[in-house]
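Next come two complexes, and both contain chain A; in the first it sits with chain B, in the second with chain C.
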Partner chain A sequence: MEDLEKKQQTNCKNSGNLISDETIEYVGILAKLDLSPEEKEQAKKDMGEMLDYIDKLNELDTAGVEPMSHVFPVNNVFREDVVTNGDDRENMLKNAPEVKNGSYQVPKTVEGERKDPCL
Partner chain B sequence: MSKEYETVIGLEVHVELATKTKIFCGCSTAFGGAPNTHTCPVCTGMPGSLPVLNKKVVEYAMAVGLATNCSITQYGKFDRKNYFYPDNPQNYQISQLYLPICRNGSVEIETSDGKKTIGIHEIHMEEDAGKLIHDEWEECSLVDYNRSGVPLIEIVSEPDMRSAQEVIAYLEKLRMMIQYLGVSDCKLNEGSMRADVNLSVREAGSIQLGTRTEMKNLNSFKAIARAIENEKNRQIDLLEEGKNIIQETRRWDDIKEYSYAMRSKEDAQDYRYFPEPDLVPLVISDAWIAKMKEGQPEFRTEKMERYKQQYGLPDYDAEIITGSKYLADFFEAATELCQKPKKVSNWLMGETMRLLKEREMEPEEIQFSPANLAKLIALTEEGSINSTVAKEVFEKIFDEDIDPDSYVKEHGLKTVNDEGELRSVIEQVLKENPKSVEDYRNGKEKAIGFLVGQTMKAMKGKANPGMVNQVLKELLAREVFG
Partner chain C sequence: MSLKEIRKFTAVQLAEKIKQKEVSVLEALQATLEQINQVEASLNSYVTVEAEGAMQQAAEVQKKIDSGELQSPLAGVPVAIKDNMCTEGLLTTCSSKILENFVPTYTAEAVLNLRQAGAVILGKTNMDEFAMGSTTETSAFGITRNPWNLEHVPGGSSGGSCAAVAAQECFYALGSDTGGSIRQPSSFCGVTGLKPTYGTVSRYGLIAYGSSLDQIGPVAKDVTDCAAILEAITSYDKKDSTSLNRRDTDFTSALKRDVTGMKIGIPRDYFGEGLEKEIKEAVLAAAKTLEKQGAIVEEFDLSLAEYAIPAYYVIACAEASSNLARFDGVKYGYRSKEYEGLHHMYKKSRSQGFGPEVKRRIMLGSFVLSSGYYDAYYLKALRTKALIKQAFDQAFEVYDVILGPAAPTTAPVIGKSLQDPLKMYLGDIYTVSVNLAGLPGISVPCGLDGKGLPIGLQLIGDCFQEKKIIQAAYTFEQTRERQLSPVAENGEAGLKRQPREQEEKV
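Up next is the complex of A and B:
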């Protein structure tokens, strides 16, 4: 549990009510958002208010309360390892921006810039 | 080099689990399907779709954890790892950060320096990404989501390894264990086992860890060994020049034998993990763990013992064959068919190993069937072909999995057991080689070897060697006294 708390704390390193230009710039990059100067100001204000709200929650004394991982009191929902889906490519590809050779066509993505999920 | 350095290595090993379906949906995981034919709204990240956990994935992860002496996390959950890349349609990967299913394990390895224990930090479950193909003609990439959602476990070791030799020993041990568990086929070249190498160097005797780099794209044990050597030297050179090592991910190019940094510094690497709200917690009871423990398969030591008892194999044979689950399974299947365990063992340890080495292949890449080896053994046992021909036929079996019965028939390779024919051939050979005949008569017994060779040549290798020897000796003796 100590580990968990430490990780959560580092995730909230920007807690506070004033959001800097650097922070909003950074969050914009992470969320792949291209914000205009006006939108940036608005986002700074919104995020500040969100953090205020979180501060409010933090006033509650949670000493001795186990952090919960899910809001529902349910666990162990499983599937058996049985193939239930067939080939539905035609339908699936209707969601693609562009289609080529039975695949989703996307802007050229170069290997060197790859963000591998498995870090 | 003025100073002594120590290399410190930890590994992140991804293993694709051999389930029939993906981790969160009922799509097939079969390899080689046409692009996007094994996809659904869940594994292509459509809004409103919901993942449901494949129970088998949990059991496979537990099996590996138990085999590597891990403790099983009895209250676990999944987390989202956020990043944008076209191979990841959800813009997040479902993984486990906070409560991985297995922790604090260990694996014992053996190298020429003796035994050593390598710590396992954790094992977690996650989903694989899709595959990007770069279009040759247009400025675009094509995405195939058949692999998206295929279950993976990531085995994270402690930084306990000090050399490429230890790394290879660790990987081979892991691979063998996982293959014995039947949890994955662990093929490095096909990507069902992938290893990323975290490496740093420090001055010998220092306790503090140096700055590490992570090396990706290592597709064979040889590539791993080369990459480790290269990266170790690169880091030492930097330190010797008084430069700093940058913590970064590098990509290994095994053809050019060098690595390059994959990501620029400006590139944000903040995955903003948070608990996956679409999946409920995972609770693993003591009873479930006990059941998994009971279900653990026969591992190498037990199998080795059984091979000695049941099949009468010598220690050496049992050790080599059980060194790979594939060889062991193959051995059992072929033995079942021909009932000649020692013969099967000889073919596996001799010619099979020789050809695997020559073709730079791993045992799991064996293409031929146990049935064809069993048939070949039957042919040699009944004396239909001699050992020279058998080796020749075996090479055909190894490369093309031909049926030895029809191959021998078609190519007229059957041993000639007709003594009359053999006699006339040998008589001719003796006539043509009076020098050797004389040598033999003068007590130079080795000369018979040459005559055997000449006879085999004249018979195109199809003669029964025992019979050749016998008839030769008989005729040579007769010519002397007759």
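Up next is the complex of A and C:
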């Protein structure tokens, strides 16, 4: 575990330099964002600067410290799967950009004539 | 009683006047609407003002007060709600283009609680887009101006809520605080804002930014109002799995002018480089005041303060990238007009619907969660969070309350902050660690700087110790006069001040 952390710490030095065009492309796919060339350049710069700054955390020895996701010892909260809210379909559909036959309408996703360029 | 006189009341004072039949609920509402008519065009505190709906509510609430059904200490008082809390039938935008026409089908639990307490909801306040920002300049619906000086920002992200309270465009407001978004704008606008212990107020219906950090809290004219509002909005809610079932929620019982023997710690690390001299002096003077009132004040080393911001931005952005995945142009919100296929539609809608700051944070969040970087960034930040919590735990073994500034500067001039995002993030230094550790914190006005801009004193308590910070804040407040913003003091005339010239002379 300690070895792994040390390795990561070395990996993260000057990580701003790590932000390549490929990384921005990849993160754009993860984030489902279609950035313009200018936005990509800006994102490279911004993310690089932020990561350089975040690398400050590597000054801290966190070996043996458990990651804390919740400040209180609250575990999973379970309840019976009972529907308590009423049918609000009509109102909910009012917010949808496109609706067809009481359902949300999305672009054709299978057997489409046009190929989705993002797939 | 004139509408101007009515506007001067705090929320609790106004409710009492309504109860005594000296003021009607409708008059209270008219008082705020009159001020909105006079100053809103210049300030832009609101995204939506719902005058007609508020009139109806006012009539209903008046009936219930008259019949004795409603006896809450806030009954009949007009309130503004930050635009990231869902309100049934009322536009809720998060100040984002992607939600520009979203009308929720349900109401956030905290807002429902207020309605049950007889609040009259008069509108939704402007904010940084999805609460991401410290100036309310990232809103898709225009910037909000600071009622103390229109050339300056109100802070953020609850800038609209704080400006509206400071300008008497409402009697109190709800804000939300993920990294300081209630306390910092409260400090910039000279109002009182409280972020409760994580889990105290239900997040049901609050459009999530960083779910493990987000808390709804009151923005008000004074500490008494804050305590009363917090009491009204606090509830255990099964619809929020992080909601806590608290029993010690009689926050108004802490409104006592007494800090005898209270141990107050001042973290030396909060008074280092970057803190404006006038703020340092004002905050230390406030500590002296509390000492004179009987508190035991000591300096100590909190440690780790400098690691809170990097840890915060990793965690908040990671959670944001996940939370904001729901905005895809299918079920609600904006959908791009041109696209080829489903995935392209998602991407186009999101890219056109989100503003630059939101995209910046989603990108960073997606990166730190991606395989290969998850351990190095995300888990590292969660480990840092654990250490920060430990440091606070140790401090609270000794001290009842931690005292410091709410922000290192007073409100910056409009247009200066977004040029350098990292620098803007650094302004969160005194507030973010409180969110990471889940603690309650309050910002109370403690003076003005040379430019006439408000300075905020921050008091931080241990988890579940809201009463201690309320008592300390109340005691401090009792030692001074409440100062009103020029817009509150003089309405339209208050807008005409041109302080920029004065500043240049300084």
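In this section, the second predicted complex is superposed on the first by the 88 of 119 C-alpha atoms of A that agree within 3 Å, B and C clash if a C-alpha of one lies under 4 Å from a C-alpha of the other, contacts with A are read in each partner's own complex, and residues count from 1 in each chain.
Rule of thumb we're sticking to: a contact is a pair of C-beta atoms (placed from the backbone, for glycine too) under 8 Å apart; a residue touches a chain by one contact, two chains touch by 3 or more.
Here the structure is a predicted model, which means the values were calculated and not measured.
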- Query: So, does A:101 touch the first partner chain B, the second partner chain C, both, or neither?
  - Reply: first
- Using the superposition on chain A described above, determine whether A:109 touches chain B (first), chain C (second), both, or neither. both
- Query: Should A:83 be classified as contacting the first partner (chain B), the second (chain C), both, or neither?
  - Reply: first
- Task: Quick one: classify A:75 as touching chain B (first), chain C (second), both or neither.
- Result: first
- Task: State whether A:32 touches chain B only (first), chain C only (second), both chains, or neither.
- Result: both
- When the two structures are laid over each other on chain A, which of chain B and chain C touches more residues of chain A? C
- Which chain A residues contact chain B in one complex and chain C in the other? 4, 11, 26, 30, 32, 69-70, 72, 74, 76-77, 79, 85, 88, 92, 95, 98, 104, 106-109, 112, 114-119
- Task: Enumerate the contact residues on chain B facing chain A in the complex.
- Result: 12, 14, 19-21, 25-28, 34-41, 44, 46, 52-58, 75, 77, 81-88, 93, 95, 97-99, 126, 129, 132-135, 139-145, 152, 154, 194, 196, 214, 216, 249, 251, 260, 262-263, 267-273, 275, 277, 279-283
- Query: Within the complex, which stretch of chain C touches chain A?
  - Reply: 101-103, 105-106, 198-199, 212, 238, 241-242, 244, 304, 306-307, 310-311, 313-314, 321, 325, 328-335, 339-348, 350-351, 354, 356, 359-360, 362-370, 375-377, 379-387, 389, 421-422, 437-438, 463
- The chain A residues in contact with chain B across the complex are 3-4, 7, 11, 26, 29-30, 32, 69-70, 72, 74-85, 87-89, 92-93, 95, 98, 100-109, 111-119
- Message: List the residues on chain A that touch chain C in their complex, please.
- Response: 4-5, 8-9, 11-12, 23-24, 26-28, 30-35, 39, 42-43, 46-47, 49-51, 53-60, 62, 65-72, 74, 76-77, 79, 85, 88, 91-92, 94-98, 104, 106-109, 112, 114-119
